[in-house]
Amino acid sequence: MKLRLINPNTSESMTEKMGLTAQEIAASGTEIISSCPDTGPESIESHFEEAVSVVGILDEIRKGEMDQTDAYILACFGDPGLYAAREVTTAPVIGIAEAAFHLATLISSRFSIVTTLGRTKIIAEHLLHRYGFNEHCRKVRAAEIPVLDLEKDDGGKTCELIISECKRARDEDEVGAIVLGCGGMADLTPVISDEIGIPVIEGVTAAVKLAESLVSLNLATSKHGDWAFPPKKCLKGYLSELSFSREIE
Amino acid sequence: MKLRLINPNTSESMTEKMGLTAQEIAASGTEIISSCPDTGPESIESHFEEAVSVVGILDEIRKGEMDQTDAYILACFGDPGLYAAREVTTAPVIGIAEAAFHLATLISSRFSIVTTLGRTKIIAEHLLHRYGFNEHCRKVRAAEIPVLDLEKDDGGKTCELIISECKRARDEDEVGAIVLGCGGMADLTPVISDEIGIPVIEGVTAAVKLAESLVSLNLATSKHGDWAFPPKKCLKGYLSELSFSREIE
Amino acid sequence: MKLRLINPNTSESMTEKMGLTAQEIAASGTEIISSCPDTGPESIESHFEEAVSVVGILDEIRKGEMDQTDAYILACFGDPGLYAAREVTTAPVIGIAEAAFHLATLISSRFSIVTTLGRTKIIAEHLLHRYGFNEHCRKVRAAEIPVLDLEKDDGGKTCELIISECKRARDEDEVGAIVLGCGGMADLTPVISDEIGIPVIEGVTAAVKLAESLVSLNLATSKHGDWAFPPKKCLKGYLSELSFSREIE
Amino acid sequence: MKLRLINPNTSESMTEKMGLTAQEIAASGTEIISSCPDTGPESIESHFEEAVSVVGILDEIRKGEMDQTDAYILACFGDPGLYAAREVTTAPVIGIAEAAFHLATLISSRFSIVTTLGRTKIIAEHLLHRYGFNEHCRKVRAAEIPVLDLEKDDGGKTCELIISECKRARDEDEVGAIVLGCGGMADLTPVISDEIGIPVIEGVTAAVKLAESLVSLNLATSKHGDWAFPPKKCLKGYLSELSFSREIE
Amino acid sequence: MKLRLINPNTSESMTEKMGLTAQEIAASGTEIISSCPDTGPESIESHFEEAVSVVGILDEIRKGEMDQTDAYILACFGDPGLYAAREVTTAPVIGIAEAAFHLATLISSRFSIVTTLGRTKIIAEHLLHRYGFNEHCRKVRAAEIPVLDLEKDDGGKTCELIISECKRARDEDEVGAIVLGCGGMADLTPVISDEIGIPVIEGVTAAVKLAESLVSLNLATSKHGDWAFPPKKCLKGYLSELSFSREIE
Amino acid sequence: MKLRLINPNTSESMTEKMGLTAQEIAASGTEIISSCPDTGPESIESHFEEAVSVVGILDEIRKGEMDQTDAYILACFGDPGLYAAREVTTAPVIGIAEAAFHLATLISSRFSIVTTLGRTKIIAEHLLHRYGFNEHCRKVRAAEIPVLDLEKDDGGKTCELIISECKRARDEDEVGAIVLGCGGMADLTPVISDEIGIPVIEGVTAAVKLAESLVSLNLATSKHGDWAFPPKKCLKGYLSELSFSREIE
């Protein structure tokens, strides 16, 4: 089975790190192909950056479609472009935020989220409502860490900030589990988990397992109704290269 | 990995059937142990039968705990005793209704349910609200089939009734996928799916994959807070044999 | 009118205490028959204990049905087995949590709950959502008292803990009333109420009044649809004694 | 116990009829005093008429307060002025819509409403949301009968229209009970109930029982917070006679 | 365009003040006619006062209807009588609370409200739910100022209290904007806004703009369905002067 | 005042048409500058097309920012890129879907939407939930018209299909108003409105008025919290031209 892990930002180190984490957890027959777009923001911490990352994401899916991809993972906690991506392929597409939420509800009645910058909390709130998990999440918290700090070698300082916030969540929020709110935290999960002592759910690994699940169940993205292929249509400008319209149908 | 599939009713044929379906879809390293209680209702089509099935379910979990079980599947669409079961083990416990709902939302924006008797629709409605999927489900439908008819050799008549209701769901409900609302339909899924032409999600197989996912992610049922082991306490009467209290802690 | 107050745990002192409280408040023509099952947990502070108490509850209803019972009260704040109980009788069945919630909304726009152990708060949260009162309840609080401490003669220490938590609710939650979250607090209500100075609603007494109300209005549990008698069916094992199936219809 | 049933419209025949229905169902020690304002609309079928009925309602409460009233019933299905009324007295105040909703949920998992004119359906919808019962009500239906037709001797024609709509609710809505959506239907309940064969809940009688319940539990309208007595203040114009301000505190 | 700003309380100074604020912000062709009823409470801080203000409001609309009014503004933050008012005219009627909420959501994802007395917070909560903005409002806060203090010359003390509460909202609530919860604060908005440094939305001015918007779009209050003119009917007592029934149709 | 109406698709005829409609309704001092991106889809009928239109939209805002724009209108009914757009400017940004919803609730208690293709209904559903209007909208309907058919000269056939669907909404949905679900219907509003006889709200004109309202109230998009300017950051590839980062701060 071939899973394409798409890092929506252009950070190659983060892409590689998430790819390794994914491959480690993947089933023996699963090949993880991790990539990031040539075009887009170097990290995603705003609606703006989410929005402008989507063209790159879709282009990665276009490439994946030429490469017999079985399922896609969108490795940014805001799940940018998720529905658009689902429209242009029959392969399952899983966002890491939704993946983490789904699994969190299976092992705890209530969870909290610890994300990066406070300004991204609204994005998580919106997703919780969209997916139906707003009652299951007690609190969205931010460690106030810029995403790219997760790539720096700072002697564990960033990790410490996350752990502190996770402890506050554990002690104050009446939750049974914590969801980490950034793909860039994927490699820190074991450390954090050890420190916190309650289940910590991280989206990249969760998404790998959900993608594998759907593929082995032979469940494809439904093409009946809402997520059918988009109508054939002309895309002007540089988007003309994003020529799904030709492949679709 | 050892998964225990617990059929909450006492029908051995249904237990065997679901066990086979589960084993077929399971990963190569996964062993499915399917069982049903000695005590309980022969099928479950009411709140009453759900309620009285729970002691048997918990007893099966007690047995599983003595047998290094990695995860449990509760194979009745009402997910009876789900939270009670989660309290008495650290192994993940997955209900087939929740499993089907979770996966359905990953491949379609809206789904409908086709269940057995109309009187059980309220149970599905309650679960949808509890889990957060009430907006994702357009309609709960019943084929008006008693559960045990699914075990009869009736030349496909029962299956035909389900297919008819699924077609109505597909054509009238504006959904991308259909969730089958009974564990006893597990073996019919391929036939139904072929006839309907849109994704059909069935809970037993979905639960196997979610259980495998959690186990391979090393995610255990949280013992912090709500689902901690129940306090040590005396159970009187025949329940005294349900002696979790002795094993716990 | 004959009301059967069923204490879902096996504590006879608590059963007697609640029976007395109920009889005191009952209308002159109302006879309270209080009972608890021979089988079940000695107190209920978890989903597990709720679940295993239900068979005993249903057996008490079976006895009640042979005794011309006019209505039933389930005297545990989690309302365990409520819908199952309603299926097996036409007599009204009232849970003490729902009873307290209903009356609380009639005398205050918002209320808080003060319950026993923190781990049971999730049960109250679930009920609030199920019944529709989640907006009316500002906060679920726990005095962190094991249920059985309510039966101990501890010189008022337990009562003091409840009163302290009630005062916090009154002063911090912007509520007009407080709901006591355990049947075992029934006899403490007058003391607590005096100390707090705002309305305190307790479920046992509330349930008596709602049960009397329904009976005198000749309103029976609907047998049309969801709560119709369960289908006649074989119950295996010790449950075979729980032979509602023979009496029903 | 002295209950004051306030008919918010000025129809004396309807007041008398509802008073009789209430007295019939009342406990032996309960005295029903039914009254309607001198000022106000002859029937209430709009937001406008609801709004202008409130001054009359409050004036009836003012009179009741001088007469040792134990509880009040607002006998119009829109529960007009309910919160205002609660502010000016410590006695419980019960609206007939809320009363019917509360009791309906105790004997059925879902109900429908059959009201008078279609234009009043939005009022019921708003109340269902306010009180938390929107999930419990499947459908608000109108028999398209002007309220005052309920006072006419038309050989049962009006009653027949209501019965027809109730039958549609019973057969199409998947409900266990029906709530009658007008105080003027109080006397028709037994006839309708006989014809329909499923529980029919009517608000006037329901409110009598809830009012009796609260009074015998010694539960008064909370004066802590939202429903405290209004601040002492000058009311200009004809409202100066509505001089609660002088009695309060 | 002729807008009638109706102050539901009888304070002439507040009426004048709001009228001036409205005129200042109004488009060049807009004439603001501000008025308050002869009858009613001198200020509105309770459900009771809201309720008794409505007859006066409706009488002002009756006058407005004889005067070619293009739209009405109800200048009390509880939007009293809003739906009743809409029934008796085809001209748009805008409440200042709804106006402020609508505009607040257009410039911030979440807002808080700072109102006068704590007891009125429940009124704002109810409106937020009714209008659909409960998720957009993080917190309803009160500066604990009686409405009429806003009319006193107290050297800015009252204004200071509001500013303090606004600052707490800004710093603690994770909001982008603040809604002022009283028409009497209209003239203070510039000062508060300057001090707070984040957008401050005030209802009177917001309502002027929404009213102008609807009028210039030729959008009238719908007379199809819920807000159709009330049925012709007799109003008894002093209400007989509120003779909309004669003009309607 | 200078308003920039951004048509997110690349159809110049539709841009011009919407620009004219907007200018007609605009206040005398308002200048409408209408534009569409060079890059993007020729029409928007899917999540995919919405997603890929956003870069073009943001580029138009970039241009607007160099041109003293007072407010922006996003003239596609899915409000694509709305929050991203708000982050990169202090000027108000109004989507035509939200604009129509806001005004619809001011003149009717419930409305229905008539949009183009059925597959876009889910987009409207999502927006209704996000904005808080899901209870106010009874039904989302589609006339099953491709967006570009609205630009064809087909002798009124397309308009006829919309009118038919609007009539069904009026007659079956119990609504007081209809929202037109496509910017391309802007010029048809008067015709449709005349035929339907109940208020018809169209988003382009609604957005012009809301934008004018915010500007004249001096209400800017809040830069406190969620919609603050995005952090300065490198955008790779062709997005490097979308250099907001340089202007911001």
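First chain written, first letter: the chains are A, B, C, D, E and F, and each begins at residue 1.
FYI, a residue touches a chain if its C-beta (ideal position, glycine included) is under 8 Å from a C-beta of that chain, and two chains touch if they have at least 3 such contacts.
By chain, UniProt protein names: A, B, C, D, E, F = Hydantoin racemase.
Here the structure is a predicted model, which means the values were calculated and not measured.
Student: Find out how few touching-chain steps suffice to connect subunit A with subunit D.
Tutor: Minimal hop count between subunit A and subunit D: 2.
Student: According to the touch definition, list the chains common to the neighbour sets of subunit C and subunit F.
Tutor: Expected: A, B, D, E.
Student: Among the chains, which is located farthest from subunit A on the basis of C-alpha centroids?
Tutor: Computed centres place D farthest from subunit A.
Student: Indicate whether more than half of the residue numbers at the subunit B-subunit C interface occur in both copies; give same if so and different if not.
Tutor: Both copies, subunit B as well as subunit C, present the same residues to each other, with over half of the numbers appearing on both sides.
Student: Sharing over half of the contact pairs with B-C by residue number is what counts; pick that pair out of A-E, A-F or A-C.
Tutor: More than half of its contact pairs match B-C, so it is A-F.
Student: Roughly how far is subunit B from subunit E, centre to centre by C-alpha average, rounded to an integer in Å?
Tutor: 53
Student: Express in whole angstrom the distance between the two chain centres, defined as the mean CA positions of subunit A and subunit B.
Tutor: Centre separation, subunit A to subunit B: 28 Å.
Student: Could you list which residues of subunit C touch at least two other chains?
Tutor: Each of 83, 109-110, 118, 121-122, 129, 135, 174, 225-227 in subunit C touches at least two other chains.
Student: Go ahead and list every pair of chains that touch.
Tutor: Pairs flagged as touching, ordered by label: A-B, A-C, A-E, A-F, B-C, B-D, B-F, C-D, C-E, D-E, D-F, E-F.
Student: Taking the touch rule as given, give the residues of subunit D at its contact with subunit C in the complex, in rising order.
Tutor: Residue list for subunit D touching subunit C: 25, 27, 83, 92, 94, 98, 102-103, 105-110, 131-136, 170, 174-177, 197-199, 201, 205-206, 209-210, 212-214, 216-217, 219-227.
Student: Flag every residue of subunit F that touches subunit B in the complex, lowest number first.
Tutor: 118, 121-122, 129
Student: Which part of subunit E faces subunit D closely enough to touch in the complex?
Tutor: Of all residues in subunit E, those touching subunit D are 10, 37-43, 45-52, 54-56, 58, 81, 83-84, 86-88, 118-119, 121-122, 126, 129-130, 146, 225-228, 230-231, 233-239, 242, 244.
Student: Which stretch or stretches of subunit D touch subunit B in the complex?
Tutor: 109-110, 135, 174
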